[in-house]
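Both complexes below contain chain A, partnered by chain B and then by chain C.
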Partner chain A sequence: MIGATLSRWTLSYFASAVAFLLAAEALMVLGFGYPGSALRSPETLVLVHCVAIGWLSLLMCGALFQFVPVLVAKPIHSNTLPLPALLLILTGLGALIAGFLQLAGYLPPNASVFMAASVLLGAGFLLVLWNLGRTLAAAWPLNLPARFVTIGLASVAATVTFGVLFTLGFAGEAQGPFLLELRARGLPLHFIAGLGGWLTFTAIGVSHRLLAMFMLSPELEGASTRWTFYLGTLALAIVVIGGVVAIAVGGRLDVVLLGAGLVGLACLALYARDVVQLYRKRVRPVIELNSRMAGVALGQLAAAALLTSAAAALGVVDRFGGALVFLVAFGWLSGLGLAKLYKIIAFVTWLECYGPVLGKTPTPRVQDLVVEPRARRWFWLYFAAVDAATLCLALEATLIFRVAAAAMLLATAAIALEFIRTRRLSNVKAALRLPTGTRLPRLLFTFVAS
Partner chain B sequence: MTDFVDLDVRPILRSGGEPFAKIMEAVQGLAPGQGLRLLATFKPTPLLHVLGSQGFTHEAKEIGGGDWQVEFTPTAGAASAAPGARATTPASDTWPTPVREMDNRDLDPPEPMVRILAATESMAKGEVLAALLCREPIFLFPELAKRGHGWRGGFEPDGKTYRVLVRIGAGAGAAA
Partner chain C sequence: MSATPEEALVEQIGEALHLVIDPELGYNIVDLGLIYDVAIDNGCDARITMTTTTRGCPATNYLQSGARDAASSVDGVDSVEVSLSYDPPWTPKMMSPAAKAHFGIDDD
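Moving on, here comes the complex of A and B:
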């Protein structure tokens, strides 16, 4: 069939993701992990993986199961496989966290936990890749946004491979000389492939299309968009392939990362140009909250790129690395994620509930499912708190950082409550809420007639 | 090597015509194992889906001046299927002139879909609705299928306007 239907398990991914974000913020409020502990301490690893896998990766997977079919105008390969994939990733992440807690001394040592984490996470992400890969392969040749997603998926494959190798090391397995060297020096490759390739590059590709769709702007297919793709792909290839080669031959990794950084910066500059075009050429004069807040998140990405460049020029990346990664993870990726969730949840809920009766009976508009003025305040509090927390990290003001994290937690909880209200149609006027032939959507999954 | 039949629909497209019937006629006229080499003024994405569902693989390339060449190659299943059995809409079936025309290009999504579905509810079986959109209405198609309507659609030569025709109660949809 031509066209796209609703993804059955996307809401389950979103709910798990938001739960992990809230948990990670709560840990920061409690002073668990960086900056209270060292950047590479097991406590910080717990925190980082709650955010990177639990929140951001599950969010991205859930979004891709819904939007890859839209990008390529083909149905998803399987609307069932996302559930076992989710369960594998969740149990794998649980095992990984348990492993880190062992290293930190909270749990008695048991190396099989790391082994389990490797297998479960590897299998979970493999299922995600298989499902999305088959969907993309059926749509060959790919349009530009789908090609961004493909490179994003290659990056998550690289990230998970590095992660599995590190985890096997904790389990005492895979001890060849190259692997020992990779574990000693390869950490930047793992997190650049994850934060840069998988999360940022995929978000760039998807945002091109989503921003154009929600603001009625002309689609981007010009030379600058193509070069954003080529340069980003090149930068990631330099990091992953160049980085592994440098480690294998004992070469200098910093030179490789600097080269990739310069190419990546050019990619981001072109992306910035495209984004400004999208906002300028839009047909809608007044844009919705999700597009406005996505704009704020894009500003945070620009700030992170400029600050990282400045820190590199001054030779102080190591000193401010924690603050910069924090800004990328929470200002850019999480900010964009929360903003887009606000729209996506409303849209899929509207389509699920009212799609069958559209045109037959009066139905609410998508915007009737949300109350933007109420949510707006929480989004501003969220971004203000993230920037304050970033500043605290840069200034090593650990105690004030926890206050800022509390403000992030409060704002995120309030936004999550708005998601639940949208899903339960709480904001829709009673007269229109559930016309004959409709039923209230479930909170955690989507009913899809097959 | 596949033997290709050439079909150039660029003159039809340039004069504002609808080449779908012509293309399906050519497809049905193919001998077993024969392929179709199509020349068009834009990449005919919906047609790729339609012929794909009939067992053709395709290779599309831009040939300059914004024109596209697409080579459709039959797979084993397509060659043995009886013509007509594999077409969702018979090639000879020309649709009546639309009784309603809508321009939904400046509406916020999903308003274009809502208006099209509302219009279909007030129309009689066999009537055709035409609508202009600014993108392929991906979420509309499953909804039309559920309600038993047929559709054809494709991008206009400008590559920006998507024109969809909906025929009330016409069963499975096709596109070109």
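Moving on, here comes the complex of A and C:
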């Protein structure tokens, strides 16, 4: 089979993910977690995991179930497993949040919730890894974008392993000397493997292909792209393997992280070069909103990399760390995620609704499912609000930060409404909307044979 | 010189295939250059060779069956076989002048 099919549960992942993003932004508006609380406070941990697992990881998993088959031109190993994986991750995340709320004193203590969170989240991500891993294995040898995804999946395995070990610690389990030391010093490894390896490195790999597809640019498989892959893989290996070894032997973790940071910076510089090539060499002169907004998100990544380098050079990373991570999570990853969701939801909805009647009756275009001028202003508001919020964090202007977070919430809610309109075909002209043989798509899943 | 019955059928199938659009580009697959060949066997059996803009495209199966359905709607066609080819891989240069003009692509 050359053509990949639709993923049945990808929309369920997307809906859950957007709900968590809205919830996280609402918490920030209410002043829950950082910057109102300390960076390592239980309240902040609630917020961080709503964003990292609830929003970004579910978004990435849903997108990969749809796009790994496109990358490798093979069907997904199982179109059924994503549902139990989603339920496990959602219940595991619920247990984890309940655990953090216990630590913060909002709920009565009960160590078993952390144990439940470990088991449920571990099992959920294991199913995701099994399904995507089997799909990739069937396509061996892998092309370059798929190799990026493979390293991204290895990174999520490392992230979840660290996370499970930390969570077991909260449950009073796994108390050996090495594990105690890992929990005391290993938070940067958990965090960098997740945000840098799983989310950023995977997004880099997938974006190479998606940007080329959507802008009709030549696919990049040259030396620069290969070195982006090698250097990124090396940086992540230094963080995960080098970091664990440094902790095990009592070595200096800051030296390991500095080395990884320099290699990672070189990787990002090459990626920036590739992205400029993709935009410059595109055949399509007028690009769609998703590609333009992806460009803005890429600019936020470049800004975050430059600012982090400057902060490291000046020795003020600790002071501005919260603001920098915020910019990566919301400017780069969330900005790219919202931009690509805007396209993917329209594309998947078109395939589900109009694909079966193609050739039998006139059909609308994917572009007819969206109204870009209406969505454009919300995307600009979103990015402007993120940058304002980042500045507020850097300046420790906590109250104004909440106003900026409210603007982010408003923009995200408006973009989410656009997703719903797309899914309900609200923007399609009546004459083409539901020709004979079609039916209105459901909001939360896709009608497709597995 | 008038066209042979096979040539006339090929032309009608080409017209019918204009109904099938590439969903991403929003343009018909004939002018996009996605139809590599249409041939007629036994006077009524159509063989279509086509491609997609990218290998592994999620729309591939729909495009294939859409081309089959569109060609089957032509009077005089008894059966349609649609095969995919990525040799050569599609490039935007394969678009018709009309499609290139639509997308603002230089026609060189």
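Heads up, the rule we're going with is that the second predicted complex is superposed on the first by the 449 of 450 C-alpha atoms of A that agree within 3 Å, B and C clash if a C-alpha of one lies under 4 Å from a C-alpha of the other, contacts with A are read in each partner's own complex, and residues count from 1 in each chain.
In the analysis below, a contact is a pair of C-beta atoms (placed from the backbone, for glycine too) under 8 Å apart; a residue touches a chain by one contact, two chains touch by 3 or more.
For clarity, every value in this text was computed on a predicted model and none was experimentally measured.
Upon superposition of the two complexes on chain A, a steric clash is found between chain B and chain C.
Shared-chain residue A:141: touches chain B; no touch with chain C. In the superposition on chain A, A:5 makes contact with both chain B and chain C.
Of the two partner chains placed by superposition, chain B and chain C are both touched by A:73.
Once the two complexes are overlaid on the shared chain, A:351 sits against chain B and chain C alike.
Within the superposed three-chain model, A:125 lies out of touch with both chain B and chain C [touch as defined at top].
Touch counts on chain A: comparing chain C and chain B, the chain ahead is C. When the shared chain is aligned, chain C comes close enough to touch A:285, but chain B does not. Contacts of A:20 after superposition on the shared chain: neither chain B nor chain C is touched. Annotation: chain A residues 1-5, 69-70, 73-74, 213-214, 216, 283-284, 347, 350-351, 355-356, 358-360, 363, 365-366 touch chain B in one complex and chain C in the other. Residues of chain A touching chain B in their complex: 1-5, 69-70, 73-74, 141, 213-214, 216, 218-219, 283-284, 347, 350-351, 355-356, 358-360, 363, 365-366, 449. Chain B makes touch with chain A in their complex at residues 45-46, 49-50, 60, 106, 108-111, 113-114, 116-121, 134-143, 145-146, 160, 173, 175. The touching residues of chain C, counted against chain A in their complex, run 17, 19-21, 23-26, 52-70, 73, 84, 92, 103-105. Of all the residues in chain A, the ones that touch chain C in their complex are 1-6, 66, 69-74, 213-214, 216, 283-286, 347-348, 350-351, 354-356, 358-363, 365-368.
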